[in-house]
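Multiple structures follow.
Shared between the two complexes below is subunit A, which pairs with subunit B and subunit C, respectively.
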Partner chain A sequence: MRRYITLDRGIGIAALVLVVLGPLVFSGYWVSFILTQTFWLGIAATSMIFLSAYGGMVSLGQVGIYGVAGIVLGNVVTTGQVKGLHLGWSPWLGVVLGIGIATALGLLLGALASRSTGIYFLMLTLTFGVLIYYFFSSVTSFSGFSGISGIQGHTPHIVGDPTTHPNRLYYIALVTAFLVYLGVRYLVRTPFGLTLQGVRDDPVRMSSLGYNVTLHRTLAFTLAAFIASLAGVLFVWWNDHVDPTSFGLGPIIDLLIVCVIGSLYRLEGAWVGAFAFVLINNYTQSVNVPVVGGSFNTVIGLIFLVIVLLSPGGLLGIWGWVNRHGRALLAGAGATMLTKARPVKP
Partner chain B sequence: MTEYVANVRAQADRAELVRLIARRLPRVLVLLLGAFAVAWVLFWGKDTTYGSAVSDPADFFKVVLDSLTFAGLLFVVASGFTLIFGLMRVVNMAHGSFFLLGGLIAYYLQQDFAHGGGFGLNSSQVSTLNWVLPALIGAVCLAAFGLIIQQLTLRWNQGQELRQALITIAISVIVADQLLAHMNAGNAQDISWPGSLDRFVSIGSIQYSLARLFMLAAGLAIGVLLWIWLHKTRTGMVIRAGVDDRAMVSALGVNIQLTFAIAFVVGSLLAGFGGVMGGSFAGLQTDVGSQWLLNSLVVVIIGGMGSLGGAAAGACLYAFVSNFSAIYLPTTSNNCCTEYSVAFTFGLLAVVLAFRPLGLFGRPA
Partner chain C sequence: MTYVRERGRRVRPVVGLSILAAAAAIVAVLASAALGGARATPIKIAILSDCKGPFGNQYNADIGGAEAAFAQFAGSKLVDPSNPTKGFTGGSVGGHPLQLVGLGCSDSTPDAAIKEVKRLMEQLHADILIGPLSGDEGVATANYAKSHPNQIFINGTSGAQDTTLKVRAPNFFRYNGDGAMWNAGIGDLAYHKLGWRKAAIIMDDYSFAWTSGAGMITDFCAVGGQIVKRVFPPLGTTDYSSFVRQLPPPSKVDGYFWVVGGTGTIASLKAFEQAYGPLKAKQFIGNLFFGVAGNYQSIAPRINGAYTGGFGTPGLDYQTPATKAYVAAVSKYVKAVPPLGAMNVSNAYNGFFFNYYKDGQALVQALKADGGDPSAAKLGPALSKVVLNTPFGTVKLDKNRQAVEAEWSYQLVANSKGTTVNTVQFIPGVDQTFSGTYSPSTPPPGRNFPKCVKKNLSWIGKEKPVVNGVIK
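The block that comes next holds the complex of A and B.
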């Protein structure tokens, strides 16, 4: 019989309850800074983990795509003396255009990259991402190097100004993150999702069964671009400012680190990784690394290196290992009840 | 009846023709685009930095030379990248950091040798030896550094491509941060060309920088040396065999681990030497490292990974497209320069990938 309450699910539900209570439990700094950032970063990471876990494609282009969504939104909504086009259109139109253009770009890039696989795909999407960065740093009519500021003054009414009403953006980011999670969970069980997983496991066989492999890869990439563009919109509302540096090579690698720390192969890893990354980022900014020197990047680089070398499954992989071995240990001590908790798959 | 058959035949012929045109159409479009670009540069590009090539042949010739010499530098850096990838299937994402590290080591050595005192050296203060010696030491240091990295982290993960790429990314993050902390990589550092190279020579009607011509010569020399090494020596033969079938080579009793180490050392050496030349050409800064990772990626994606000829072709195409789009696009209002040349690099990538997903000279693994 299948167990519906497992330890993992229990922890997940507890975490969910905690973040829903959010502002009642956490300090203002945690709500407006750490957790909201975790949510949007987790959505961006989801777009990458969805592709890697269910499509077998590790894409480093997601940051460029959320950057495009952010830049478009910034250009459309702002007014007056800021950089870019400052069109001053409706905030909702900004959201629609940002997501629409970023998703269309995802379709184009996906069509170009979908015939490559494995490590080629990674290199290609990295190149796309970095080219997007260089494009926006050199084209001054859209943003230029210094970027667009004052976006928080042009959010839709429901969001308000995140500086004065941080809880609104917090809940919007939370709900979006939750919907993205449920949406992807649902999608991978649809015929499209199942085909995608077939393509991941054996493209040749799927192709000979009559499935259009490149089309499925392209559509998956487009969908991931849509998810990434949601993160882009939340990011610019949260950050108030967007410039090319916020989606350059540094952030590209940061998002990869988030996914690897969490787990490249499980959706939950997106938010676990994002939370861990934001915490490390936040609390090691002023740290001087002993012996070798350097700053936050050395710390995060070393953590990244250790995780890649020792646990390819990330923190969730480590957790799974601890979980299994802990059970085995307890079972050995005679706790028979616990041995039944996880049925062994035949 | 015969009329019916003739009808069907005519219909089939028409359908065949339509299909043929549809199949050739993309190719024809690309050729037309290429022809338009050439015609634009030669005759029509009036509102560009130098005007059309016909109206200003001297500057046109200069841009051609600029592209060729830049291609030389691109080739040096990208050939190391493609050598490592071709044999080991390792995408060395730390290639840009290796470039930066090699250049910075040479910079500090040169400062020390020529008593620069931390300021920019004038090329007249730098003797040839004060450039060559730092360059060689920098490149050799990088070779040693590459060997350590390969032995410590990559060797026991052979065959796990994604994991190795992630490892090199982690290393690039750490190295870049350490360079910021200890080697002042946040500020631009210029290696100085030696006085003997930093002058102009006349080619035909124009004056051209000898240092830039040296980059082209270095690229050609390294290309020839690599070709001789890969095609005329035993090690090269093993490497080429390893590119095609690692397991078989290893089964024949060749020490493939030694071959991997040699390839990685040579690849890192080239990154380091490229860093010295790049640092003399355009200075060194944190951002330059990521710029050169991008350059190497673009070159090998266009040319096809693991192919030396591909790296050369990719370097030339990339250099020409980026230089020409920077000079021969219509200038912006302030009559300075154009902003959209990056879009052309992307266009080049897109066109190459649309026709050859594995690059011009790429072969399936």
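The block that comes next holds the complex of A and C.
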């Protein structure tokens, strides 16, 4: 019987099986910290990669949007904490309002940003992110720099307290990540997704064909905001705390690094990049890089440089190269021709 | 050029098997790294401070302070006495060896602190955490402690009031004052010694600065002073000109309370100079940001003679047999705290070093009392009962596990011999509530709280002047 499963898919399925069995395979720390963080960070990265790969828009505003979802949820559900509005409303209402307000904000910001492109779009979305950071830093009734803690005590019943029941949040984050992945894959094959890719490749031609370029970009930005808001909800459930530094300039750059390390042009890169980032962050804290010094920031910076210089497609780009050339080497002469890749315009 | 993956490519069995085997090996390595080991018998300690951000220069001071206490009281030894971040080895209490499982590196933000706390407590399985350094980090850590009742958390130097007055985690202990306590007596000094009646205050817009400013406001207003303006530059501000312009000019007020920290201290004073001319020392009172080691050396020449609130330690001129013994002891174990330099009186009196030292001392003392049992059930009650006899006074905990301690006020001095910090007054028995001003039910210190109200504080009029390093 001939096998038609690709190596990429095989690895993907193996990875999926592994994470589904995660609580049986990995230690509690890996389940509750490394992998759960990878899932929600990957979802946040997906919102950026979706805009970049299919809309041609590299947005630095996604972190701010997930921060809004997190802050709104924190304000709505907590009560008796040190900071926040102390509303103490239903956890599900907090989820709906967090996602709803963040998505609505995405619609507004998308409408503003959709007429710009390239470096101007990048700068505009960076401005959005910084604006959101300073808004919540300054408006102390919502947060201030102290932020809101104790959110894990106000989660929906199905989530429970992630400290005592980490597996629940783990699976919720896993399922959400999987659904986001499938959903975006489906979406980019719909007429809307294909049009969006047309807008990415040649907006002038698409406009002359009668497509509303601005509207498509705005809707794409809104959808990305929705995805980012899911990450925001999972983030505050996981972190138990949110403050403006959770979505300040540092996390904005971190998310960009996650996407670049994974791949700015493939959805899978979101979780690959997130996993690599989280691992490096956790296991290089005590490392002292020779000569130049430093630990995590130096290591991640060096990796970032190498990726940018050698593989703009990120780790997945490297994997593709290794895959092609490895098989060519093993298979013998001339095999590389079998694996000629199809270039796309980012 | 970028490439997208190809679809539907067939994989040769041999190649596929080889790659899958390699992948399996990688997964096995990762899994083995991920699988937690069995808990060992040693007393597992983690220390958290800021290696980045505005207080990153105090990282070695914090770590070194705790390690000096372990060396002095539990017999451990620094791996490199000139570099405390290399850790320590040896040492035991009640037959149980001390084990440093990790050092945490935060950046003064609660988000970074919580991630590090999780790493230290959940990945490295510390029994006891000493840290963090700054205010909002402390609030977040105390909240974390509340949901992890089986582990012990001893505050580093963080001084937000909410940490112990509002959060009140049963397994969180703070052997240092909060930001308000450190400024006890400074308002009285402004009113009676400098003759201030109307003052303005500028403070960073976050919880430690609010707490620190609250101490100044409460103390100053308690004796009849008035705060006519409060200005709040956000953390991370680089250009303070617009905030300084919001302050009344020097001709309209008697003085300014200055609660701007990190790199903002000098920047904000420079902005004031540009707006209103040369600084007059008698018109400025700072909080610990003026007087802490690493800061006063650059601030004193600019504002020679200004008074400042304390940090739980006296100025460098206060030297007694007990303080000399303390300096000699810590100098024996810690030779340097980079980048602040070789261990000396200045670094030993540095509140960052000393407060972490107290934490280490309290921990060893409690472990000795409970036979070396690090479990929260045993160690928690033992920590609550600890009474620390330090060279700078006695420290005991209140019902919220918050220190009640003596405080000190300073004066910056710059002369031909260099710069130094002298002690001007000693304020015994300062507690967190400020004689009932603050309680779990009052609002947390913020932009509008506390109000400026005349009232009686227990230490008003009982501050003892310190002249030439001698308490009068």
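We adopt the following convention: the second predicted complex is superposed on the first by the 327 of 346 C-alpha atoms of A that agree within 3 Å, B and C clash if a C-alpha of one lies under 4 Å from a C-alpha of the other, contacts with A are read in each partner's own complex, and residues count from 1 in each chain.
In the analysis below, a contact is a pair of C-beta atoms (placed from the backbone, for glycine too) under 8 Å apart; a residue touches a chain by one contact, two chains touch by 3 or more.
Because the structure is predicted, anything quoted here is derived from the model rather than measured.
Asker: Using the superposition on chain A described above, determine whether A:Q285 touches subunit B (first), subunit C (second), both, or neither.
Answerer: second
Asker: Does the superposition put A:T155 against subunit B (first), subunit C (second), both, or neither?
Answerer: Touch status of A:T155: no partner.
Asker: Quick check on the superposed pair: does A:L122 touch subunit B, subunit C, both, or neither? Answer first, second, both or neither.
Answerer: first
Asker: Would you sort A:G147 into first (subunit B), second (subunit C), both or neither based on which partner it touches?
Answerer: second
Asker: Just checking: does A:V308 make contact with subunit B only, subunit C only, both, or neither of them? Give me first, second, both or neither.
Answerer: first
Asker: Applying the touch criterion given at the start, work out whether A:T298 contacts subunit B, subunit C, both or neither, answering first, second, both or neither.
Answerer: first
Asker: Please determine whether it is subunit B or subunit C that touches the greater number of subunit A residues.
Answerer: Ranking subunit B and subunit C by residues of subunit A touched puts C first.
Asker: Just checking: does A:V139 make contact with subunit B only, subunit C only, both, or neither of them? Give me first, second, both or neither.
Answerer: first
Asker: In the overlaid three-chain picture, which partner chain does A:S229 touch, first (subunit B) or second (subunit C), both, or neither?
Answerer: neither
Asker: Touching A:L112 in the superposition: subunit B (first), subunit C (second), both, neither?
Answerer: After superposition on chain A, A:L112 lies in contact with subunit B alone.
Asker: From the superposed pair, tell me which subunit A residues show up as contacts to subunit B and also as contacts to subunit C.
Answerer: 134, 138, 140, 248, 295, 312
Asker: Can you name the residues of subunit A that touch subunit C in the complex?
Answerer: 2-8, 10-11, 14, 18, 25-30, 32-34, 81-83, 134, 137-138, 140, 144-147, 149-150, 152-153, 161, 163, 239-243, 245-246, 248, 251, 265-266, 282-283, 285-286, 295, 312-313, 316-317, 320, 323, 326-327, 330-331, 339, 341-344, 346
Asker: Which residues of subunit A touch subunit B once you look at their complex with the stated criterion?
Answerer: So the residues of subunit A in touch with subunit B come to 58, 112-113, 115-116, 118-120, 122-124, 126-128, 130-131, 134-135, 138-141, 248-249, 253, 256-257, 260, 292-298, 300-302, 304-305, 308-309, 312.
Asker: Residues of subunit C touching subunit A in their complex?
Answerer: 1-16, 18-20, 23, 27, 31, 33-36, 102-105, 109-112, 114-116, 118-119, 122-123, 135-136, 139-140, 143-144, 146-148, 160, 162, 166-167, 205-207, 234-235, 444, 446-447
Asker: Note which residues of subunit B are touching subunit A in the complex, please.
Answerer: 89, 91, 93, 153, 157, 161-163, 165-167, 169-174, 176-178, 180-182, 290, 293-294, 297-298, 300-301, 305, 339-343, 345-346, 349-350, 353-354, 357-358
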